[in-house]
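By written order: A, B, C, D, E and F. Residues from 1 in each chain.
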Amino acid sequence: MPRPSNLPRFHILPRLPYDPPMLLHHSSWPEVEAYLKRSKGIVIPIGSTEQHGPNGLIGTDAICPEAIATRAGAEADFLVGPTFNVGIAQHHLGFPGTLTLRPSTMIAALHDWVSSLARHGFERIYFFNGHGGNVSTIEAAFAEIYADASLAQDASNRGPVRCRRVNWWDFKPVMDFCKERYGSSHGAHATPSEVAVTYFLQPQAIKHVEMSPKVAPWGRYTDADSYRAAFPDGRIGSDPSLADPKDGEKLIALSVAGLIEDFRKFEAA
Amino acid sequence: MPRPSNLPRFHILPRLPYDPPMLLHHSSWPEVEAYLKRSKGIVIPIGSTEQHGPNGLIGTDAICPEAIATRAGAEADFLVGPTFNVGIAQHHLGFPGTLTLRPSTMIAALHDWVSSLARHGFERIYFFNGHGGNVSTIEAAFAEIYADASLAQDASNRGPVRCRRVNWWDFKPVMDFCKERYGSSHGAHATPSEVAVTYFLQPQAIKHVEMSPKVAPWGRYTDADSYRAAFPDGRIGSDPSLADPKDGEKLIALSVAGLIEDFRKFEAA
Amino acid sequence: MPRPSNLPRFHILPRLPYDPPMLLHHSSWPEVEAYLKRSKGIVIPIGSTEQHGPNGLIGTDAICPEAIATRAGAEADFLVGPTFNVGIAQHHLGFPGTLTLRPSTMIAALHDWVSSLARHGFERIYFFNGHGGNVSTIEAAFAEIYADASLAQDASNRGPVRCRRVNWWDFKPVMDFCKERYGSSHGAHATPSEVAVTYFLQPQAIKHVEMSPKVAPWGRYTDADSYRAAFPDGRIGSDPSLADPKDGEKLIALSVAGLIEDFRKFEAA
Amino acid sequence: MPRPSNLPRFHILPRLPYDPPMLLHHSSWPEVEAYLKRSKGIVIPIGSTEQHGPNGLIGTDAICPEAIATRAGAEADFLVGPTFNVGIAQHHLGFPGTLTLRPSTMIAALHDWVSSLARHGFERIYFFNGHGGNVSTIEAAFAEIYADASLAQDASNRGPVRCRRVNWWDFKPVMDFCKERYGSSHGAHATPSEVAVTYFLQPQAIKHVEMSPKVAPWGRYTDADSYRAAFPDGRIGSDPSLADPKDGEKLIALSVAGLIEDFRKFEAA
Amino acid sequence: MPRPSNLPRFHILPRLPYDPPMLLHHSSWPEVEAYLKRSKGIVIPIGSTEQHGPNGLIGTDAICPEAIATRAGAEADFLVGPTFNVGIAQHHLGFPGTLTLRPSTMIAALHDWVSSLARHGFERIYFFNGHGGNVSTIEAAFAEIYADASLAQDASNRGPVRCRRVNWWDFKPVMDFCKERYGSSHGAHATPSEVAVTYFLQPQAIKHVEMSPKVAPWGRYTDADSYRAAFPDGRIGSDPSLADPKDGEKLIALSVAGLIEDFRKFEAA
Amino acid sequence: MPRPSNLPRFHILPRLPYDPPMLLHHSSWPEVEAYLKRSKGIVIPIGSTEQHGPNGLIGTDAICPEAIATRAGAEADFLVGPTFNVGIAQHHLGFPGTLTLRPSTMIAALHDWVSSLARHGFERIYFFNGHGGNVSTIEAAFAEIYADASLAQDASNRGPVRCRRVNWWDFKPVMDFCKERYGSSHGAHATPSEVAVTYFLQPQAIKHVEMSPKVAPWGRYTDADSYRAAFPDGRIGSDPSLADPKDGEKLIALSVAGLIEDFRKFEAA
């Protein structure tokens, strides 16, 4: 990790040069109060902090949905909350740098996030996800949240909270792009598409690593040890050396369009 | 929340133009593996997502320690992890946009973060905190983590994990600056110093709001309702209209210096 | 609920006229001890207790995998444990008779079942599932079980436990049969296939109900209230009046074959 | 565990040739809805999956109350729910095949079962128990359920739930029968009476084992290791080789009568 | 609650004029270290803080076992720990002053107490109980503690912890005394025997109240509301106006003798 | 631990020769009911059971606030509850006799105590604390209690509960006394002031131990092992051989005055 000498040091730039109020954490409370008069919906990016192979960023799964949601919120004028950045990654614990929550912890945390938002009057909580390994626990968390309401002894005097989870790659144009661009080198973990998105967003973090084998193997795994045994460098079925920042820009645009359309439907339901 | 027309749209810039490997989430796992050979220490920024008065950003308490830690890590070559961005803010729930964890949830989550890091061989976990309201629960979480080890039936074959929590304003030069610069207008919540830091970092989110009264009242509170009754616009004892981005830059530099020195001592202990 | 007069009363027949030792609960502990010398694998049927439309049994999702697993174990000589019979059914709580666990409870319970089995030396725990709504929480439970092991301070002196979850309808011949036999009347909940299986197994519980509309609607739902609003009689997209016990017998045979093959692979992995 | 050649294979018979609607899991939701108009009571069989000595079935404690409750419900026209089949059996973990919940898990699960039933309007939940080791935790679960209601901030708009736990052998005629029939060979675990009940119900699972010593010792135990040290083959004070299916039939009839009378009183209270 | 004028005010006397080192909380750590060289056993008084009828002290169930254990420890030279003074009393919450833990909380707390003692080398933890309503949860806590050890992945390198629970009135001479002295006026809650013990220990707190009816009714209850409905003044089947301090002194002596004998057996097992 | 021969044996004195009704546990429920008509406030002493150096009592941190609160309640006519006597002491687990709760357990227990009191109508719960190590977890517990109310779906029909925590040494006259009397020998753990209080209250437990070094070292610690390594005899910065019962009497009087004044303010707020 030598320091690249051509990078400026100690100078901090504004990070998000968009329309500012669309991020909850860049808003003031009166701005949120005003927003709630025109919408009950919010998008929460949700990711993971886990190994992404030899050239992928550990934060990939949080970086992607955060950037896409931020851009979509700015474009379409909806609120985006802070990123839930550590998720379920126990199967990656064999690789240094991976953080995981236990699923029971994540369920409790999501419960608290949603309850907080519900107290303010939010009724449509849209989790925009960057990690396949989160899906089960997010769905379990929704069931926990709904069950608490369903089993409570009294009917609430608040409107019901409805939650939705969508992955940033779920939109057909995104999947079509990946299929066409990477074919059988796309794989299932540390994919060239997600790495491309992060390389577009964080060009200073681009890592040039030769893959060996070129395309990683497929296989099954259970826990962290079995994962590392099956996938020695962390990749599954992918060749992330194909990652190109320009493709990342394209993928972002495709996913932004999908998110805006899908969120609007959910908000209106 | 009208959109300022002079802001570029839909263009995503690299966010952190520093030496890249010093962020865990911008590193690859082999980079973290290499880092662990020369250090067992890491800094985790920890904040809150809560109202910060009429002109303060809801994300203030996460934004400040994240930026300071990032800059310090880049300068002094130590690793900085992802930001724990939602903390204990129940007393701010009377204001829209505030998110809180219950303390028991936060203890569980910090336990998981620390356990994950410990599995990889990290032995000095330094939480760099941006929210006074987090302090009790962070300290409780440390006791929980240590108790689990102390009460376990078997001695571990790993080295012990040691945790430390420091607030970004704890360093004497930072406190001196605030005292001198703001005097009795500094207050205890939504302070001009923290707002100044965020205004330097996120100039597009600067909010011009006249304060009434100029300096907010002091008082006691217990829960969210009593807080809002005592502090109708969310501030305690402060006049954040004094916030100036240039002061923010200065405060960052002072805190960076303090953090580097204190972390090095902790890492070496 | 009038009593059918042609049924014998108060006479209890043996329930499972198969090879007895293949059910854990019909075995003695020395029989299990002997079994463990030749296999480390076990199948645990897992279902739900929830409404299944106007003519479906509330226990459908437990009855199906229990019967299929029992038959498969008897045929192929592997051990089948007791049925985990109440799962995640909060979205069905709008209909009387539905029971649900909260996901956090189910995770704790599955953890205990697996830990108990692991203590005896079982290393391949195969959950044979009858309820789509359980899938997320079962997967979350696996992650919880693995995380506890991965984050523990000491390496175990036991072999690792590996878990797998398969739904009884996941095998291609089963799905082909449903597609061919029911086409667009199969639907997603209270399907004619699952009802047919229970009608074959429990003919005394066959209920003749006219469906209105003939085929139930499709749609989205979040919690129990939204489910009942969208699906007034509990069905989703199905016409379970097509359920025929003879098809049930066929489906059982197809699923038994799939289970035997898949379990053998898992056991050997 | 050789297969007895005289047993039919692969043929599945109806399991419960009684009046069908008295089992919750064999009912449809409209049938349960109708039932609730005439009764607010339900019986939940609750057992354990644990070693029962050299010739006893591991599922004994679930099989007995399930069969007795099923027969009683059919005879007296009350609803019987699914069987809670894994309970508190940590002290039997020294013997292969035993499963246990931790008491805190069982409390959570019983809470969810009761809350689900209460949501539908059930107000009298009668747990019919087959395992002495469950008693403490079931009683603790009742206290937990009541405490949650008592400590809640608002009075419920539902009627109160009342719970009761009775063991299948608690009725005087059952105890008299055991005393007279087995005398000092009855013992406290793996008793001839419970084995006889399972042998009547599952004759294909009868195991002919010579006991040595004829009558097992008595003694104290704390955890699983101390239990196995004190009771090497799992029995306490009993000679289960006395188990005769005909006695099992008698015991069932005696317990059915007791249950019907006791449940009717509870339902009416 | 007028103040009795004949009582000294503001003067604090030594509370326990016995041999001092037999109380853990009056010992220093080197004294406990020395004790552990000659014994691995300790007695923990455990009670409740709950209504005890019109003339009984709310702390009765903690005061009795604490005083008896303290005296027994002093006489027989064994260590007595602090009193676990709030237990399971949800059914008494209808009466002001009652405190309760939820059973799940009590299990966690007892787990922590026992784990702490086990870390120091205590292997025989004897809970001396003053409240019938605690019994189930204490037994459940023991099972939880043992289950955690039994299900752990590694054998401990510590000796096993064994726990025992005995009520202060369990010894035959105590029960004989109550039977003979109070007959059918003894009852089941707010009994003259327990009140007599507290009146001997705390004569300044003696309350002269006429009972109406003289002997309280018997009956069943479930939750706090049903308890208060059945037992309007809190007593069950008792006439505590019979409580005489002199009987309290006698009961203490009888129970002390029983405890010493029983603890010695347990300690030696 | 030889028995001092001059102490009376087997004779139990009244422990608290004050106005009796001011202790919750020495009151009857009608007395508490009457109290609630004139006050909604109560004081709960809260301490710890942990090593206090070579001559300090393990129960010091519970004994001090209990005695001070008891005296203050008697003097000023307010109610004092039972003492929460085991707290957060994991860092002292290296010394025999220390007991600790995990913070998550303590949060749950405090939640239950406060919820019980709130059910009876108490609205001002004042925790009077004897242990610095408890502070964080007590504050976290307050946040948990408030968060549960704030995040609940319905507004309560009860008044809000407000909690406050004050340490017995927090009052200026107490701190001034310590500073003046002990100077730099006061230290931070096992201080002469707290030992003096216990020596006044429990003169039979006075332990004459020579300190070596005279004044203990200062330093940092994390877990139990690091604490014992840094402070071999358990003291931090103190010389508790200076403890004199007469100073204890003085300190009690000073703290009683502070508590009465502060509680009255809180009660009236």
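Heads up, the rule we're going with is that a residue touches a chain if its C-beta (ideal position, glycine included) is under 8 Å from a C-beta of that chain, and two chains touch if they have at least 3 such contacts.
If you want to know which protein each chain is, UniProt gives these names: A, B, C, D, E, F = Creatininase.
What you are looking at is a predicted structure, and each value in this text was computed from that prediction instead of being measured.
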Equivalent interface positions on chain C and chain D, same or different at half: same
Far-end chain from chain B, centres as C-alpha averages: D
Repeat of the A-B interface, chosen from C-D, D-F or C-E (over half of contact pairs identical by residue number): C-D
Between chain B and chain D, centroid-to-centroid distance (C-alpha), Å: 54
Approximate Å spacing (C-alpha centroids) for the pair chain D, chain E: 32
Whole-Å gap separating chain A and chain D, where each centre is the average of the chain's CA atoms: 47
Interface hub residues of chain F, defined as touching at least two other chains: 93, 100, 102, 104, 108, 112, 116, 119, 147, 149-151, 154
Overall pattern in which the protein chains touch one another (line/ring/star/complete/other): other
Pairwise chain contacts under the document criterion: A-B, A-C, A-D, A-F, B-C, B-E, B-F, C-D, C-E, D-E, D-F, E-F
Chain B-facing residues of chain F, complex: 88, 90-91, 93, 100, 102-104, 107-108, 133, 135-144, 146-151, 160, 162-164, 220, 222-226, 269
Parts of chain C lying in touch with chain D, wherever the complex brings them together: 1, 3-4, 7-21, 23-36, 49, 51-59, 62-63, 67, 71, 74-75, 77, 81-83, 85-86, 93, 95-102, 104-105, 108-109, 111-113, 116-117, 119-121, 200-205, 207, 209, 234, 249, 252
Touching residues (chain side chain C, partner chain B) in the complex: 147, 150-151, 153-155
Footprint of chain A on chain D - complex, ascending: 112, 115-116, 119, 149, 152, 154, 156-158
